Amino acid sequence: MTEFFKNVAPVKFEGSETTNPLAFRHYDADKMILGKSMKEHLRFAACYWHNFCWQGHDIFGNPAFDRPWHQPGDAMEMAKMKADAAFEFFSKLNVPYYCFHDVDVAPEGNSLKEYVNNFAQMVDVLEQKQSETGLKLLWGTANAFSNPRYMAGAGTNPDPKVFAYAATQVFNAMGATKRLGGENYVLWGGREGYETLLNTDLRQEREQLGRLMQMVVDHKHKIGFKGTILIEPKPQEPTKHQYDYDTATVYGFLKDFGLEKEIKVNIEANHATLAGHSFQHEVATAASLGLLGSIDANRGDPQLGWDTDQFPNSVEENTLVMYEILKAGGFTTGGFNFDSRVRRPSIDGEDLFYGHIGGMDTMALSLERAAKMIENDQLSKNIAQRYAGWNEDLGKKILAGDMSLEDVAKYATDNNIQPVKQSGKQEYLENIVNSYIYK
Amino acid sequence: MTEFFKNVAPVKFEGSETTNPLAFRHYDADKMILGKSMKEHLRFAACYWHNFCWQGHDIFGNPAFDRPWHQPGDAMEMAKMKADAAFEFFSKLNVPYYCFHDVDVAPEGNSLKEYVNNFAQMVDVLEQKQSETGLKLLWGTANAFSNPRYMAGAGTNPDPKVFAYAATQVFNAMGATKRLGGENYVLWGGREGYETLLNTDLRQEREQLGRLMQMVVDHKHKIGFKGTILIEPKPQEPTKHQYDYDTATVYGFLKDFGLEKEIKVNIEANHATLAGHSFQHEVATAASLGLLGSIDANRGDPQLGWDTDQFPNSVEENTLVMYEILKAGGFTTGGFNFDSRVRRPSIDGEDLFYGHIGGMDTMALSLERAAKMIENDQLSKNIAQRYAGWNEDLGKKILAGDMSLEDVAKYATDNNIQPVKQSGKQEYLENIVNSYIYK
Amino acid sequence: MTEFFKNVAPVKFEGSETTNPLAFRHYDADKMILGKSMKEHLRFAACYWHNFCWQGHDIFGNPAFDRPWHQPGDAMEMAKMKADAAFEFFSKLNVPYYCFHDVDVAPEGNSLKEYVNNFAQMVDVLEQKQSETGLKLLWGTANAFSNPRYMAGAGTNPDPKVFAYAATQVFNAMGATKRLGGENYVLWGGREGYETLLNTDLRQEREQLGRLMQMVVDHKHKIGFKGTILIEPKPQEPTKHQYDYDTATVYGFLKDFGLEKEIKVNIEANHATLAGHSFQHEVATAASLGLLGSIDANRGDPQLGWDTDQFPNSVEENTLVMYEILKAGGFTTGGFNFDSRVRRPSIDGEDLFYGHIGGMDTMALSLERAAKMIENDQLSKNIAQRYAGWNEDLGKKILAGDMSLEDVAKYATDNNIQPVKQSGKQEYLENIVNSYIYK
Amino acid sequence: MTEFFKNVAPVKFEGSETTNPLAFRHYDADKMILGKSMKEHLRFAACYWHNFCWQGHDIFGNPAFDRPWHQPGDAMEMAKMKADAAFEFFSKLNVPYYCFHDVDVAPEGNSLKEYVNNFAQMVDVLEQKQSETGLKLLWGTANAFSNPRYMAGAGTNPDPKVFAYAATQVFNAMGATKRLGGENYVLWGGREGYETLLNTDLRQEREQLGRLMQMVVDHKHKIGFKGTILIEPKPQEPTKHQYDYDTATVYGFLKDFGLEKEIKVNIEANHATLAGHSFQHEVATAASLGLLGSIDANRGDPQLGWDTDQFPNSVEENTLVMYEILKAGGFTTGGFNFDSRVRRPSIDGEDLFYGHIGGMDTMALSLERAAKMIENDQLSKNIAQRYAGWNEDLGKKILAGDMSLEDVAKYATDNNIQPVKQSGKQEYLENIVNSYIYK
């Protein structure tokens, strides 16, 4: 079999002093942290699409990469070559998981039947590859946004035939995910939104999307898929507005359709910031609403208003994210996927490795720092103290519903209360965090 | 009684050809549009705070205005002088409604008892003023964000005493609103959010806020207040993050606490854009979720990242907003409030009038244009046609829940469906809209 | 010859009451405004690239358009078919001008020699087309950003061979522009910037870019090109940072290389807003610095952080832009180009017309409104009055350099001056503007 | 003398393992780095205004702090008490420098003469304080933005009397700065911009500002002030648009008035990001243009659109900034000022210390990391290699101006050149940077 990344040996942990750019400095898979190995905590996945489907084009630029599997040729043969390259990459990278969209791995063909057939064949190939390499599937998904049939939405399309087409892809992708032992199934509604309100019926489209989600959940139970169904919020791009704007919006949608126990969120750092939130905010919000599912760790650029999908490289940002995840009990079926791509000028095969190695080291180091924060949890202690009044008489009665607005007003006025201001200590707490990050 | 705006006569409609800057060009209160007068459609309110409490300071600048009622003096006397000026202004402006926060109209005093007492006295004054002038109260509210006691939240404060203080203000403000015949009661949670997640318990604060909202709703029913309770979304500022981020977020919160039938939203244009949405989006979203209550018409500056609270002057933007409101059946208890302020260098009393006249004319003209759009509703016809498939067999079955995911997939695959792309016609529709705006 | 837009007859002015969506409501080419025809004022151009090269793909989506000239086939034959379609479109649209990049009109081929040869052949075709239709060339340009060779810059590339390649394209495109009677030559440095400072030498790249601009200016004079050289500012996208960030930045660059009398700017609305400015700001700034050259009228979406290149549809925004242009004396060699594209779901040929018709009507109406503003220029009169003090003794002496800092301080202190505040009248002036827009 | 910060002993270096929140973990003033002490590299300053003048108000909130020097009382007595508190703070903090605006330290009084007199008295006080404590003045400045007389600009005001008032403040502040041994004089044009173009003459205001800058430079030379004159760029806030938008804009302005050798920039992190740039970008740009003067190290919040002036706490961001400064040769007269304020809820005196300690530790650690990067400068080596072609024949000839556009085109075409793509290695380089930050 052809070797595609000849200059790269399997990537190993060599410690922070190594000068080998193709080694891990911090990700030591078996190192135990708070009773679990790094590998179990982080559950890293690499993705098929950015690494093996994207050709290095952007909206102003033509493909820049010269990958063998993108040369002209028989579509199924090329899909197999791509799978060879992908599994060589995943294996050498030493990630335990990968992720894919249906049309990443199989040619769409010229009809729905061709699609079904091609995809089925490629699922066989993937199954074989998983078996050979030990790689596992973090999640599968269907791409219902790239084909022009979805230009006005998939589940929210004005044409029920397009809904049906998308549903068929979801049906097949769920089946494949189950068969390949996938631990989650993800829905990113890239075109579930609008380009203009002038031609859009918001209420109708919400009903359609709610119906699709209910079908998905029903199907999951019917086929006995044990993984988690995940919605991936994003505020916009490619559409002007996307319905799954952020975690809080998805929560309202799920409550509306009675799905808040059935579906969780897959949070992406870059989507969080495009929605006007910090990455930590979205993770903490999801945790507080019981929706934390999985993470796409890729970041944006703070000065750019689109999805740059860069590899995470901030230990400062991700230590706080890891801290939220650890506080929430860690991942169950979720993990850290890199929905990341190298910059367009990073044309070499090695660049794919540099990107992931940097990302994995960033998250590993963030885990270590966050674990230290959790061990002697000064932040939580401060919070407990700060809200202590709510465990006392007045606070308890209010929260328990034992006092009406009038009761509270009477109490306060009769006692002519004067609350005492307490410092919020933000700078003190920020210094505490840095003391864990920079020993 | 002192006349504060001596250079200004009561503002009248003079038509679009007038050169009188202190006349309305488009707002003709009694003109009938779609069976109701402009006055009944628009239900304009001017606000107490920006016009009579703000002194022309900004975060880098000292007060720039020299209003008589801001000179040193006995606080209650000054409050009465302010009321004289305010009602002279409202009356000359010919708005039917006004709005206030408790501490806009009465001095806070040095204790809760003083507050209660001062406010009660000033409510008498306001009642008298309303009776003399015929002005009505669109809504009342409590300011639980300016006093430093609220620096870490009001309902979401870590100290239940602060919650109790805020609840007392709300209790008194609701009582005053009812007594003064207010048609709505508004809650803007300016400090209900966080400065840093490092000292914040999201779950706890959400519980507190939910409890407060439940108390408010219970109290409304108890006292027989017939108006609408409104939450005003805003994403941030003054806090780093505000829990009532946008309409979709508020919807999830209300669903969580079973309040989605009890509370509606008061949408502000500037808050919409700070949250990353168009003003039309927020209005359309609220209408589609059954939450459309009232509007703060003031806009932001598209290049600035804070709340500039400028008077609306875009007929293009507001025609679309009015169109959404008309499609939703118009206001019931709500109206258009100007939560707007003149720019700091607009130091003259006349400037307050120019700002409001421009805003009222903008909204009046937008109403006229939108009414024309509704009369022969080309947009709605296009939408009906675009989604027609959902009234046919496949669409109906899907929405009715008569087909499972597998059923849909089987149908699509067996028929090897190929949906036909249809143009979204955005440019065509944008031209249609402009043809209504620019005859 | 094949007719590509069979459903569209040549677009004519029919007035604001027409219900024909393929007619102009406001653009009446020969109507006289302030002594010149609308056609002469506006100097409209349509572009080759968005209309005839873009296939309806976006970063998440595959091509959505099914144009005949994008089907597989001989590259030169397809280029000729594209030219047929383009000139049919331009002619039916009744724009006097068009614009192109070298590789819009001719296949790049597999080598520089092929490029030169293909382009030369297609220039012959364009010349013939211009002669047949009477269409003129507003400007030509070279695309030195799409081919992956330019992924790290064209003039600012770390490899001088890439500079040479780009220079060759510019050489050929300038020659073609001259031969085709082009009235301007544009340089948009889409890749002249950086992806990361980590691999970038800012000083070196500035020298390279300055050198290229000097070469271009020298070449212009050498070949006797009488048109204007224009730089098109943009802050970012596709690169993280683009050196020609905005007009003020370009001004500093031009001063540095002594080119401020030789090069002007081509301002795009969408680039202005991405740089944090209003469109009017960029136009007014360019006018005040003597750099106003030409305009790309396409707008962005106020909620989106990337270049959406939408057709202008705001008369409110563009009246102010037209007002600045009229105050600056109008265009000389410049004009309004539509660097605009229909939304991806606007897949029909007619949509190209709807977009341009809406844009042309918007600009035509804006011209009419702005002309009214200029006729009795209340804004300029107010400005003259506001700054009147600078024509009096103190102001004149200061500006003439007749007083040192100490002189001024002595004068002010000795006289213990107390300047009197004057209202800035912003709301009053905004109302004046609306009174012109909405008669 | 009263001790204002009784709970705080002079802050000392205790190393990264300390649990004392009032000690430095990383700032070890005398530690030698690349041949200079940390103190000499960093040249830290604390500011008067945010720490001793700001009362904890925001645009929605009343003062939250209860400082003794803000209580009612004789203005000069309060100013002296404030000076006592300030110098106690600066001394305990162990910063070598401080900074002030004229009206931070002295009451404005009711007239220009009172201002001059009050300020002169307080300069005596400051001189005495400096002598007692050994503190030095990094820079002085005049506040020509808070008083309402400046609401429409200071140097750019439509009224030359306001220009004269501002010039008088600058005259006095420059004199005070010289007398107190200040090492720089800063000009931040907070109101030098516009609220609306509708009442603004851009050309006139630019002339006024240019004249003021020339006066300041002339005065500097006349009085023999040896420090550096610095302009502080900011894009907006409080005005809608500020003329000194960013470094590139200031460069164009300075070139226009022949001042590019006389004035440098004082770059603020938060202003950089508000202008759409990274902090590193602004520092690198200033260095590349020869304008790097001094730094205000305070950061913004990536999700907020206004100046939050937070203490720096990102070693990741500031290592790159320090790297640029070290590459540029380090500061001469400049330094790191903290134009930072604690969050409003940080009401305790200790919070002022926590903020600065965190900021100083962040910058000190960043210096250490950046120094390691410089020692074996992999980034610069990579850059040298990347641009090597420009030291070879073709590159040299191009840059030297020895080839015309035609020469280059002929060379390229004759040789049918095909440049070879090289990876930009962004991910590799980002990993290198992290390997220095996280050993």
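Structural remarks
So that you can tell them apart, the chains are marked A, B, C and D in the order they are listed, and the count of residues begins at 1 in each.
As a working rule, contacts are C-beta pairs under 8 Å (C-beta built on N, C-alpha and C of every residue); 3 or more make two chains touch, one makes a residue touch a chain.
If you're wondering where the values come from, they're calculated on a predicted model, not measured in any experiment.
The chains touching chain B as well as chain D are A, C.
Among the remaining chains, those touching chain B and also chain C are A, D. If you average the Cα atoms of chain A and of chain B, the two centres end up 36 Å apart. Rounded to whole angstrom units, the spacing between the C-alpha centres of chain A and chain C is 39. Across the assembly, chain B contributes 64, 148, 151-152, 195-196, 236, 241, 276-278, 303, 343, 345, 347, 421, 424-426, 430 as residues in contact with two or more other chains. Looking at the complex, you find that chain B touches chain A at residues 111-113, 116, 148-149, 151-152, 157-165, 167-168, 170-172, 174, 195-204, 206-208, 211, 214-216, 218-219, 222, 235-236, 241, 245-246, 248-249, 251-253, 255-256, 275-278, 280-281, 284-285, 288, 320, 379, 382-383, 386-387, 389-390, 392, 394-395, 398-399, 401, 403-406, 408-409, 411-413, 416-422, 424-426, 429-430, 433.
Interface residues of chain B facing chain C in the complex, by the touch rule stated above, are 16-17, 21, 25-26, 64, 273, 276-278, 302-303, 311, 313-316, 342-343, 345-348, 350-351, 354-355, 357-358, 361-362, 365, 421, 423-428, 430-432, 434-435, 437-439. For chain B in complex with chain D, the touching residues are 56, 58-64, 145-148, 150-152, 190-191, 195-196, 236-238, 240-241, 274, 301, 303-307, 343-345, 347.
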